[in-house]
Amino acid sequence: MNDSDRVKTVAELAAHVGGRAVGDAGAHVGGVASIEDAGRGDVVFVEDEKFLDAARACGASCVIAPEGAGAKLEGAQSVIETARPKLAFALVAEVLCPPRRRGAFIHPTASVAPSAKVGEGVYVGACVTVSEGAEVGGGTQILAGAFVGERATVGRECVLHPNVVLYEGVTLGDRVILHAGVVVGADGFGYVRDEAGVYHKFPQVGTVVIEDDVEIGANACVDRAALGTTRVGRGTKIDNLVQVGHNVEIGERVVIAAQTGVSGSTVIESDAVIGGQVGFGDHARVLSGAVIGSQAGVLPGKIVRPGVWWGTPVQPLEEYKRRNASWGRLPRMREEIEELKRQVKELTARLDEKGE
Amino acid sequence: MNDSDRVKTVAELAAHVGGRAVGDAGAHVGGVASIEDAGRGDVVFVEDEKFLDAARACGASCVIAPEGAGAKLEGAQSVIETARPKLAFALVAEVLCPPRRRGAFIHPTASVAPSAKVGEGVYVGACVTVSEGAEVGGGTQILAGAFVGERATVGRECVLHPNVVLYEGVTLGDRVILHAGVVVGADGFGYVRDEAGVYHKFPQVGTVVIEDDVEIGANACVDRAALGTTRVGRGTKIDNLVQVGHNVEIGERVVIAAQTGVSGSTVIESDAVIGGQVGFGDHARVLSGAVIGSQAGVLPGKIVRPGVWWGTPVQPLEEYKRRNASWGRLPRMREEIEELKRQVKELTARLDEKGE
Amino acid sequence: MNDSDRVKTVAELAAHVGGRAVGDAGAHVGGVASIEDAGRGDVVFVEDEKFLDAARACGASCVIAPEGAGAKLEGAQSVIETARPKLAFALVAEVLCPPRRRGAFIHPTASVAPSAKVGEGVYVGACVTVSEGAEVGGGTQILAGAFVGERATVGRECVLHPNVVLYEGVTLGDRVILHAGVVVGADGFGYVRDEAGVYHKFPQVGTVVIEDDVEIGANACVDRAALGTTRVGRGTKIDNLVQVGHNVEIGERVVIAAQTGVSGSTVIESDAVIGGQVGFGDHARVLSGAVIGSQAGVLPGKIVRPGVWWGTPVQPLEEYKRRNASWGRLPRMREEIEELKRQVKELTARLDEKGE
């Protein structure tokens, strides 16, 4: 059970998620849990009817379940019936377990430059740096050790977890969450070789814009553009240890799983879904509606159309499966070819014999 | 040569590793080295007899060598014979080159919350944060810039290297070593999409437990569970830049090399060995005794049985090798098929001719 | 337009890059830009003649273009003709947009140990630690939260971005740039298992040497040697999130793209070019002149000769292409084999019939 002011009735939560309360609608709940760990006051959810028995047996006070499942659950627990239990569970958790909100505060060990503009209700933790000319919007929380570079702009109600680094001049929208160790705006990776073989840095003097409601996982990196802007669109979610190269443009509501790398100038359009450990060559383009499986490799300049894609080089999943099935039969195919060669030789011999 | 109080005699070290001293057992040694760099007072080891000549020629005062090798080495150096020279060398290094031990200290720039409980002999470096309700066990060293979140628990004699981040409520056992930039307890990567296409965060309100004697490499990430616990078992060793997703369970004495990624709810049982850059889909299970080669890809839900596995999708190494050999012969197989088609056509023509 | 003291004439820049000024050689320029974003006072470049029209139409004051292109551009803009426009553009950017230079300063929250030697004109940012016995060369900038371990040596005019961590005893040459979150000198990943299955740390007591003019991207890791030295040669450029294992030796002017991992004791000779997400097994050797494509996998002990290499296990690009083309035809090959089997069976039947 959480804070008493976050305790809600089942009826209130059912209304919040647009579901139907079944059983004791006045029961009080204050937390979310898995079926394994649930206790009194907790809400659990069941997406698949095969887990209804487990849900009935668990200690939760309320089960969010598919429409029509309420009757099968009735008994000790209250039920919220809804077409999409998992979504309703997420919405309930937003109410019962909101993220920690730290109030207005500037830690004595923090360094906030005189020319920085810090909004109302901003939390600045220990050893944070907010550099000259930076702007931080109201309600934002900057946790210990984070660094906001010169002229960087952070929107309202963002959370910068410990040791996040924003290089100079980058821009974050509102409600952006950057997990610990994220680096935004480091130089892109570009060099030009001279006749003596020495690499000269191609100018990396562009910037980064991260739009509203983006969340980026721990130790991920988003490089500044060489010239122009590296952009991550509104509502996009990026997992830990992802690399986003210079001049990449990621659309809105894109999902990118852990350890994927996106090379320079590649475009990932809105609503694409990208697995983990995927590698993108430069100047590729992923069209809206494409889904790319984990560990896939996208060649430079490749256009990935809507549909499900897989493998290296990336190909439609169905094609990949067909080839992969053949691949599994390769040793057998070799045997079959050897057998055919033997048979053809024998046939030839028999024909030759007859011909004599 | 190191501190004089760490100087030992060859006899003492032979006893410590259960080996047999050959030659001058009273010789003093104080450090470990490679054969290339060794000087007076150093111990080196030889695992393979083919390096015995090099060992004899090097400047070390003591050679740890396979049983029976002492006679071949006798001369200027002392020898410790043992069945497992490399293991003995590691055990000797634990004595001669123990990790640095910083004594009780709290740096004036550190922030230790009033409600935090800090044990005896704890070292708290510059700009460290120990948050409200956190507990730190005796003899633990927390180096500069590290962050211990609210109600996080750190066991005894741990080392948190600079800029490590522990989110709120996570638990470390005793003698855990986290290298610089490790992040433990960041939110898992889980979202539910609503009808408008907006992603809502699936609650990430579970925790992380890292058991005794675990070591985790620089900039690696272990996410908190959505609900429940992400667990890393006792004695497990994880390399740099590894990603461990929410609700993952890793058993005891597991080894995971650099840049591997483990997706949500996957289980890796005790004593598994995982190479680098391996990718695990969610809800996979690696059974105890499995060894998975670098860059392998394990599909969601896959069960990996004991044995050596390779490739994407992961398969027994022997099968992979057979297929891979065939793959190398693919262009040749295509030629053979063309040749067979030609021959069959010719045979058919000859038969047709005869039939006339 | 940038600082007025960085404004140059087209003639001055043409002389600097060894090019030929065409048109108004006295025009003033102060910045670099892409053709899309360029305004008055900016320099742009055109490498490929097909972009000449766009360059003529853009707002830039000066276009760097291939030899002979000046006539096609003449009009409002000044032109610098040169054999290598992109290189010239990089050289111009070095003049017009030099990296930020912070002057001599020690932030009051920084901790500089009494025995540390800090050169002239060194910038030490907020919450930086410079430990006992460390040395920092003149003109170096150490930004907020960075950590310089005991007896570590940093050369002249280096830049350590925020939260960089140098473990004890490592050495950086001059003009080394380490981006945010880089970790140099963490323990290598090496253990020896005893009879009880417990892993003992193989000693990781060597060091790291990073030579002059190396640049390493955000959150990348370079481990210390077990015994001896991990080395990154002069002028080498390493991208974000790369892992360099213990005892690795990287030569001069090597380029390694993001998320690549190099296992212990592997050697990458000078002037090699390595793509992103490549994996190297231990004790491999990449010869000077080799180019390895992204996501390739190099087996332990493999020697990679000069030329272009691709795939897992790594193979010459031409071979890979041939095999990959065959792979695409695999389902067709299976059909052809089935057809051949049918035909051979039929031929055999016809011959048998005749033989009767």
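By written order: A, B and C. Residues from 1 in each chain.
In this text, a residue touches a chain if its C-beta (ideal position, glycine included) is under 8 Å from a C-beta of that chain, and two chains touch if they have at least 3 such contacts.
Just so it is clear, the model here is predicted, and its values are computed rather than measured.
Overlaying the C-alpha trace of subunit B on that of subunit C calls for a turn of 120°, given as a multiple of 5. At the interface between subunit A and subunit B, under half of the residue numbers appear on both sides, which makes the contact a different-residue one. Taking each chain's centre as the average of its CA atoms, subunit A and subunit B sit 26 Å apart.
The set of subunit A residues touching two or more other chains comprises 109, 127, 145, 163, 181, 219, 241, 259, 277, 327, 330, 333, 337, 340, 344, 347, 351, 354. Chain contact summary for the complex, subunit B toward subunit C: residues 32-34, 36-37, 84, 86-87, 89-91, 93-94, 97, 100, 107, 109, 125-127, 143-145, 161-163, 179-181, 215, 217-219, 235, 237, 239-241, 253, 255, 257-259, 271, 276-277, 294-295, 324, 327-328, 330-331, 333-334, 337, 340-341, 344, 347-348, 351, 354-355.
By the touch criterion given at the top, residues 109, 111, 127, 129, 145, 147, 163, 165, 167-168, 181, 183, 186-187, 189, 191-194, 197-203, 205, 219, 221, 223, 226-228, 241, 243, 245, 259, 261, 263, 277, 279, 281, 297, 312-313, 322-323, 326-327, 329-330, 333, 336-337, 340, 343-344, 347, 350-351, 354 of subunit B touch subunit A in their complex.
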